[in-house]
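Paired with chain B in one complex and with chain C in the other, chain A is shared by the two complexes that follow.
Let's look at the complex of A and B:
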């Protein structure tokens, strides 16, 4: 799962899309997901990492992650989300 | 390297809620790496805030309104030049540009004052009333528009363009009308203020993105910086904005400036639709009031304009910083009545 080209993410989880001029703030969990996306992690790897860290089952995490990706898609931060 | 001394006269000192570009242009010139600029402010009204900004404006003179005619303007400029030895004039109002363009050759030949503006034909070609044709000629999409002189024309043109549609003044003002009745109201409101004709324009939905740019008149775009408004006043003016990274928009701007051989500063106003298409809404024939953002992003367009006006070669800018914001503020200047008296009675300050 890849963020769109040129999307800037600060250490504080502040996201800036230089094409649209939009900026967003994320909570700490969102920051973790974004960081993993920047590290080119696949969706299943992100699900596994989050599920392990927060002691939740994979299907719950995957559902929440899909919502999160849908939001990133609507904000034009990613191009596609299956 | 010591800076070259130069005297530049600038209009548009109305740094108000619908600001003129004069003060941002002056700030840009004062930050020039090459010139030590003495600024002569040219004002139409005695309460233009720039008149009293003595750290930016070295001396000010009132000039006659465009309605007074060109001879009146020329004779006033002759007088100011005799006192100040002006090398370059940068006019910043749409409504005065026609006069300054017509006087351009005389200013150069008789007084040695340089300007850098489009010729009259190019200036007129981007006028709101013929923008659609301008778009076709220069390879850029423009919403359909019609120029009208009577509210009786709203019905048929409204049916053709559909609602909502945009009702625009010749120089300034625009409102979105959802019904023929609203269009009729806006027709009267805008024509009372700015005169006729009124332009009815097809409404295109999307995000507004603007570009400040400068062309050298030979088909080269010397610089261009795109911006999206982040905070808009009730007059539709940007009170905050951010520079964008938008290659496609820059390509379009380069094409428009290149094809039209635009000479001087300009602002291109676009709507970017959800599908990613760009529609040119307006091409303003002078720098926008937010031109100082370009300086903040690494492109000093007013400085480039002065060099072009002086006949110097200017290498086009190749980069700028995106993600730079401008955030405007209002500021109360305390002015002694004696200063107000000077500009009101003597026309100089």
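Let's look at the complex of A and C:
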């Protein structure tokens, strides 16, 4: 799962797309997911990492991640999602 | 190791230049308790969705309203508007406080009798009163408010047959400067119809014209309209005295006082624009007091306000069934309650609060109900925390009309509980079951067998 090139991510969760000029904000878990994406982590690994740290089951995390990736796609921050 | 609490990841596009001077607070502050009772405990015991009524809030509202009027006018009598909420427990809180009953059908009339209201303390309004209904009302010495000439002539036949006198009033409709003007109920003031009705009543000694009644609208945002209404009723009363030497005993200004709910399409919150109870009281009381009645002839002021006394005493608790994305990327949250239970969602933007803690991150979302029907929408656009399946919410100010106008469509109606003044919870209406519904159905013999 890769963020598009040129996408700038600040430490406190702000995201900037220089191609479209759009800015975005994320909540703490959103920031973690973005960080893991920048570290080239696969979806399965991201689910596992979240499940180890947070009180949620795998299927809930997977559903929410799918929704999150769908939004990244619609905001043109990633090019493909599954 | 204890795991951290989970809140799903979200990303939101930042928009500039969208500031709104009418901006409303985002509702992420949880409402975890109602009158000191935990929402999660209520749902665990009585199920979700669940209507909750605060007895304390009803009594507080009633006492505030009574104070507002009694400090301005010497003779005031409230009558509880049954159609607003006719659960017997609710009615009896009002009756314990001193309210009479105001009913608009024989069903409500019999409910009031069953609740222990004496017949002569029941105001019988509405356009639908049969000969049988009128007979009962005359025998019980109820206050019959006549809606149209057909009812007036029928009542004359009834009292002549019974050889009894009836206590009557006429409902008067009028132009009070507000739109829409309600002219479908009662007799019109401006075109002389009301006066024709009075003449007819006064020509029948078996009819005792004791009152004049109006109900000028609902969710009235102008207290001044009540001053106009009171003025026109006073004018009729003074003229009845002048022409027939008959003292009108009471003026009934009806109801229609607004609650603090926010109407759809309103830029400002309801609580910021509605008149206070004192505003309504001042407009009505000062008009009557200044009209010129002799002290002995000063009429009693009857009030039938419903919505303003019960709306904020009612809550609807519910749970999230699912969340999803719409085609345009908006979040949709599906609740286990819809317009079947929350009929007032058609005209109010009800405030919805989460019942558990969330971070300050919120999403704009559409809130749908569970009905498989496109119009089942509770809020078209509302900012709420990151709700997930199973989260609980509290809908505020739902005490008026929802528990009388609710629909048994697809789903069955849920439990209703009342929290008393000592924070004890009482079940006041049992949830419906399949058996409740099937009790009223009949199957023809030839349709009993199905072979598929």
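Heads up, the rule we're going with is that the second predicted complex is superposed on the first by the 82 of 82 C-alpha atoms of A that agree within 3 Å, B and C clash if a C-alpha of one lies under 4 Å from a C-alpha of the other, contacts with A are read in each partner's own complex, and residues count from 1 in each chain.
What we mean here is this: a contact is a pair of C-beta atoms (placed from the backbone, for glycine too) under 8 Å apart; a residue touches a chain by one contact, two chains touch by 3 or more.
The structure displayed is predicted, hence computed values, not measured ones.
Annotation: superposed three-chain arrangement on chain A; chain B versus chain C shows no clash, the two fitting side by side. Of the two partner chains placed by superposition, only chain C is touched by A:28; chain B is not. When both complexes are overlaid on chain A, the residue A:8 reaches chain B alone and has no touch with chain C. Superposition on the shared chain A places chain B and chain C such that, viewed from the Cα centre of chain A, they span 90 degrees in steps of 10.
Contact comparison for chain A: of chain B and chain C, C touches the greater number of residues. Within the superposed three-chain model, A:49 lies out of touch with both chain B and chain C [touch as defined at top]. Touch criterion met: A:18 reaches chain B, while chain C stays clear of it. Applying the stated contact rule after C-alpha superposition, one finds that A:36 touches neither chain B nor chain C. In the composite built from the two structures, the nearest CA pair linking chain B and chain C is 6 Å apart. Listing the residues of chain C that touch chain A in their complex gives 3-14, 325, 329, 359, 361, 386, 388-389.
Interface of chain A with chain B (complex): residues 6, 8, 16, 18-21. Contact residues of chain A toward chain C in the complex are 15, 22-30, 32-33, 50, 53-56, 60-61, 64-65, 67-68, 70-72, 74-75, 77.
The residues of chain B lying in touch with chain A in their complex are 207, 227-228, 230, 241-242, 244-246, 322-323.
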